[in-house]
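Each of the two complexes below includes chain A, the first together with chain B, the second together with chain C.
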Partner chain A sequence: MGRLDAVYDWFDERTAVRSLVRKGLYEAVPKRGAWFYTLGSATLVLILLQLVTGIFLTLVYVPSVTEGWASLNYLKQHDAFGSIVRGIHLWSAYILLFVIGLHMVRTFFSGSYKRPRELNWVTGVGLFLLVLVMAITGAFLPWDQAAYWTAVVVTNVPAYTPFIGSFIRALWRGGDFVGPITLSRTFGIHVWLIPAILFPLILAHLALLRKHGEFGSYVNYRGAYRSREGVDVPPVPPQRPIEPPYPAVPTDELWAAPLETEDFFPFQTFKDGLVSVVLVIVVFLLAVAIGAPLEPIADPSTTSYTPVPEWFFLPLDELLLLVPQQLIPLALIVPAGGVLLLLALPFIDRGPERNPFERPAVMVPGGFAVLFVIILTLLGSGRLFNL
Partner chain B sequence: MNALALIAPLLERLAGELPATAPQGHNIVGAQIAIGSLFSIHILIAGLVSGAGELGPAIEFLGFMRQRRGYDRLAHGLGRFITYYFSFSSTIAILLITVLLVGFWGHFWTTIVTIAWWPLFIEAWTFVLQVSLAYIWYYTWDPLRGFKGLHMAIGGLLAIASFLQVYMIDVVASYMLTPTTPQNPIRLVLNATSYPLTVHRTVGNLAYIGFVIGAFCAIRFVRAKTVQDKAFYDWAGSFGLLWGISMTLLQPIVGYSYAKEIQLHAYGSWYKMMLGTLSPVFLWQITLLGLMFLTATIYFARRLRTNGARGAGLLKVMAVGLVLTTLLAAQPYHLGFTYAAVASAGLDRPFWEGGLINPLGSMIPWKVLALMSYTLIAIAAVVWYLRGLPGVVWGAARRGEQRLLMLMAVLTILMMVTMGFIRENSRAPFLISGEMTIQGQQNVQPTVSPSPSGGG
Partner chain C sequence: MARDSRRLSRRQFAFLGTQAVGAVVTLLLGIPIVGFILSPLFHRQQVVWRQVGDISGVPDRQPTKFEVSFPLDEWTSSNVNLAVYVVKLNNEYLVFSNTCTHMQCPVRWQSDLGQFLCPCHGGLYDITGKNIGGPPPKPLPQYVHRIDGTTLFIQNSFTESI
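Now for the complex of A and B:
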């Protein structure tokens, strides 16, 4: 027995680390379509990258209207490494939004939110919304022109909430106008409040995932259900005995066990690792090549500056631009209703069918929602180029 | 010989009476009518071909995923349609360009080709790409049955080529309304109305082909002799309508955005559409949109009721909602031909105060509310119909439903012609907004080159 093994045994005796590792790594996961399942782990890796680079940035950044911009400008002008770290923070946030969106679309298409995984979906939607809030609040912090005008527009959105809207806006802004208190409160929300909710929710999401197992896609269960033409197809026996968590909860027996599985380690972990490494490399290259922009310091008195929204805010921004002022509260019901429907999805679509092409009553409205977001983004994208 | 002797003097007389060159400057209205009507026919056919080039491959993919033969038959039919009608559409396009545009508006054509050279160059090649892919896609249907993935990939390329073709011509059309600095091709491609017009037309073409499928299948359903054919045409007609209306319900927001860009970048055109001479036509357009949503919802309700499927009752309620919304949308704002006429007569006040203004017809908030209501009710109608579809037995439809499918295609054609009329006339008297008028560019007279030999 080597010295390292002895140390490992010593730890195992006191912490049961061996069984924890075994439990964590050796689990059956659906075999087909496994590359699509890498989106979840990629999301986690990008969130962790946010955490690490965020910690580094808090060592330099001062949340004040006089020092905030100057501290980041110092990084830009005099600290090449710090500048790259800030670039990684920005680009990993952008890519995180894209990846988490894809992860949700994949889950929606595959019907993975159905019983018994309803709470996986609900926590996932919560995580998506929290990441969006992180991105929006993060956009205020550089306190350059773009940040200031983003703050003006975004802090005004809650004001359209009936009855308490003005109160929420005043609470966030720290008064009637965007200013020093807005920045310090937003900084607090960005680095403390949201992470304090985000990380426990990630743990809950992962715990639920381990409990119920990865559903994967209906293709993993093909043949295990009655075909549409009315011919009963006998279930194909699995390649090897399915271990927990399959079958999960015996409420959904036709769908509980995928036809082909493989071990989480090394098969799935290899794919997860590869995708995550590629994404991190892409983030690094973007951070080096493009970096994080920093416009001139915020000047509320300017009349010549044309604000351009962050790309992920573009659909909502375009909606606010299109709708006349007096109808904005009505128009905001659409995204608010969309979020509520998203949360309620597993409780609305409760049938056993998982095939996206056999669930038109859910897929078509979902497709509309995605199309509306794409169209609003496209319509607003002309302003990004500012030609 | 006798016949020739008879015809020769006639030809000679005709030659003496015909103008030596294109009849420029003599009858501008006549030229406009000729070009406008031929363009309308071209767009009506080209829109179908483009829509079919995008929808056909999508239907084939759906059929593959759902393993239903009906989709494959429908997609194959669309392939046949493209191969038949591509040449017809192209003939009209070539006639338009080589004869009418160059002959009547040569100055304009030379200018626009010079400015939009790259988009038109790409456009020309997308035609080659589209027709090549369309023929390959159609004629390899059976040979590639064992390689469906490859066949669907060819279809995907056809869809991309069809989209690119529409996009490139939209760059030119949008430039004519909202011109930018012509020296920069990127600015040209990203001119203010380029995106909204492209989205508007792409979605519109997809909706249009859906409604035409519905009408075509309705006719075939009525004539069908076998149970299988009746079931197929009943299903395909419903599919076409469902697809068409699903695309159309995106149009209020896209169209509104397009109008907003026109307001910001071509105010004169916007004013003419909203308050000027084109405002009655615009009112007809928004009413027509309501009639389209209403017709589709009535079809949904009737089709579900025929088989006693669930949801027909609620769809009837939605139809009532659409009637009320259409009545709201159809309210005129100024009770005179133009707002300027009302204002100059000193009657710019509500009608209950003796004026000619109807506040219920204002764009903000009433027409915007009507557009929101159209969209939301139509989404609900589509979802409710989809929920009820498992209870439908295909082939059992009645003639009433088929008439509604045919009516839908008529309404769509009316809508497309109306939109084209509004868009083209909103620029008048300009061909390129603020830069070139119809009258101003007809002063080009060809000069006769001297013969190289120097003699006659």
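Now for the complex of A and C:
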């Protein structure tokens, strides 16, 4: 036994690290379609990229309406590496929003949210919303013209909540108007409050994933063969060399255990790693080539500046344009209803069927909802960028 | 030994005690924190008068923009510039903010249209500030103001809340 093993043994005796690593890395995952199952780890990698670059950005950024813009302008003018760090923070946030959306659509398609994984989905919806809040609050912080007017419009949206609207607006702004307290509060929300909820929720999401195992999709299960004529349902999968998360004892249940599995480590981790490294390289190239823009400092007295929303805010912005004057609260009620439907999804769609082509009652409305968001985004970008 | 069922067992007492301790800590922390978060709501913004300038040169029916510096907040020494549109209609003066009543974007006077336009969602106001098109639900806000001779003064507050 080598010296390193002895050190590891010493450490394991005191911390049980070996069984932790074993639990984390040695699990069975579905073999077919594994490239689709890399989106979750890609999301995690992008969030960790946010964490690291965000921590380092606080080494220069000052959350103040007079100094905040100046600190980032200094970065832009005099600190090439700092500008890259800020560029990575911005571009990995943009790509994160995209990837987390794909992860959600993939999970929706494959029906992975069904029993016993309902809470995997619910925590995932929570994470999606928290990431959106991170994106929106992060957009306030540079305190340039774009940031300031985003802050004004975004904090004004909840003012149309029936009954308590202006209360929520004043709570976020720390007064009737956007000002120094708005920036302090939003900074606190962005760097402390939301991360303090986000990271424990990620741990819960991963713990649930480990407990129930990666579902994959219908192609991995006996249930996929059930309805096809002339195709025999494959036999019950054999007992696995690596036990949980799936039922270790063979079962007749069609959707309980995948037919063919492989080890998470190193097979799935290699695919995960490849996808993530491509994303990180793309982020890095965008950060170097384009970087993070910084417009002139916020000017509330402007009468020539045309505010343009962040791209991920476009669907809501377009909704604000489309709803008639008497029905402005609709622009809030529609997205809020969407969120409630997302949270309720695993409790509404409770049948065992996982094949997306045999779940039209869920797939068709879901498809229309995605289409609705895409159309609003296209309308908004067409209007604002004259495409 | 027979137990009196009306009396708490040692276990029940410890169980309730643990919860009570948790409740005390939650309250002692929660009350000041909630009060702290809510405090700006009960803290009225500092309202002050500032001189806008001489408005005798403002032409009839041509909204004219002024900029006025106001203190940003009590705990900072810095100022914020606010935009003021002064409109002379016959011998009346209207004193508008550039704040759209829809989403509070910065409106601008479009002399070609003869209207105030909000660039965000296309809100339109006529020269009297009346909301005449697009999504704005209320007229363009007016500053609380007074005119001494030909000198205009405004407060950093609106005549009606938006």
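A few points about this structure:
One rule holds in what follows: the second predicted complex is superposed on the first by the 357 of 387 C-alpha atoms of A that agree within 3 Å, B and C clash if a C-alpha of one lies under 4 Å from a C-alpha of the other, contacts with A are read in each partner's own complex, and residues count from 1 in each chain.
In this text, a residue touches a chain if its C-beta (ideal position, glycine included) is under 8 Å from a C-beta of that chain, and two chains touch if they have at least 3 such contacts.
Because the structure is predicted, anything quoted here is derived from the model rather than measured.
On the superposed chain A, the positions of chain B and chain C stay apart, so the two partners fit side by side.
Of the two partner chains placed by superposition, only chain C is touched by A:P307; chain B is not. When both complexes are overlaid on chain A, the residue A:E358 reaches chain B alone and has no touch with chain C. In the superposition on chain A, contact is made by A:F368 with chain B only, not with chain C.
Using the contact criterion defined above for the overlaid structures, shared-chain residue A:L4 touches neither chain B nor chain C, since it reaches no partner.
Looking at the shared chain after the overlay, A:G382 reaches chain B, while chain C stays out of its contact range. In the superposition on chain A, contact of A:W149 is made with chain C only, not with chain B.
When the two structures are aligned on the shared chain, A:V323 is found in touch with chain B and with chain C. By the touch criterion defined above, A:F177 reaches chain C but does not reach chain B.
Counting the residues of chain A touched by each of chain B and chain C gives the higher count for C. Superposition on chain A leaves chain B and chain C with their closest Cα atoms 8 Å from each other.
Touching of chain A by both chain B and chain C, each in its own complex, is seen for residues 321, 323-324, 326.
Residue ranges on chain C touching chain A, taken from their complex, read 37-38, 40-41, 43, 45, 65, 67, 72-73, 75-76, 78, 80-83, 98, 102-109, 119-122, 131, 134-137, 161. Remark: chain A residues 65-66, 149, 152-153, 156-157, 166-167, 170-171, 174-177, 179-181, 299-307, 317, 320-321, 323-326, 328 touch chain C in the complex. On chain B, the positions that touch chain A within their shared complex are 62, 65-68, 180, 186-187, 190, 192, 194-196, 199, 246, 249-250, 253-254, 256-257, 260, 364-365, 368-369, 372, 379, 382-383, 386-387, 389. Interface residues of chain A, counted against chain B in their complex, comprise 228, 318, 321-324, 326-327, 330-331, 357-358, 360-361, 364-365, 368, 371-372, 375-376, 378-379, 381-382, 385, 387.
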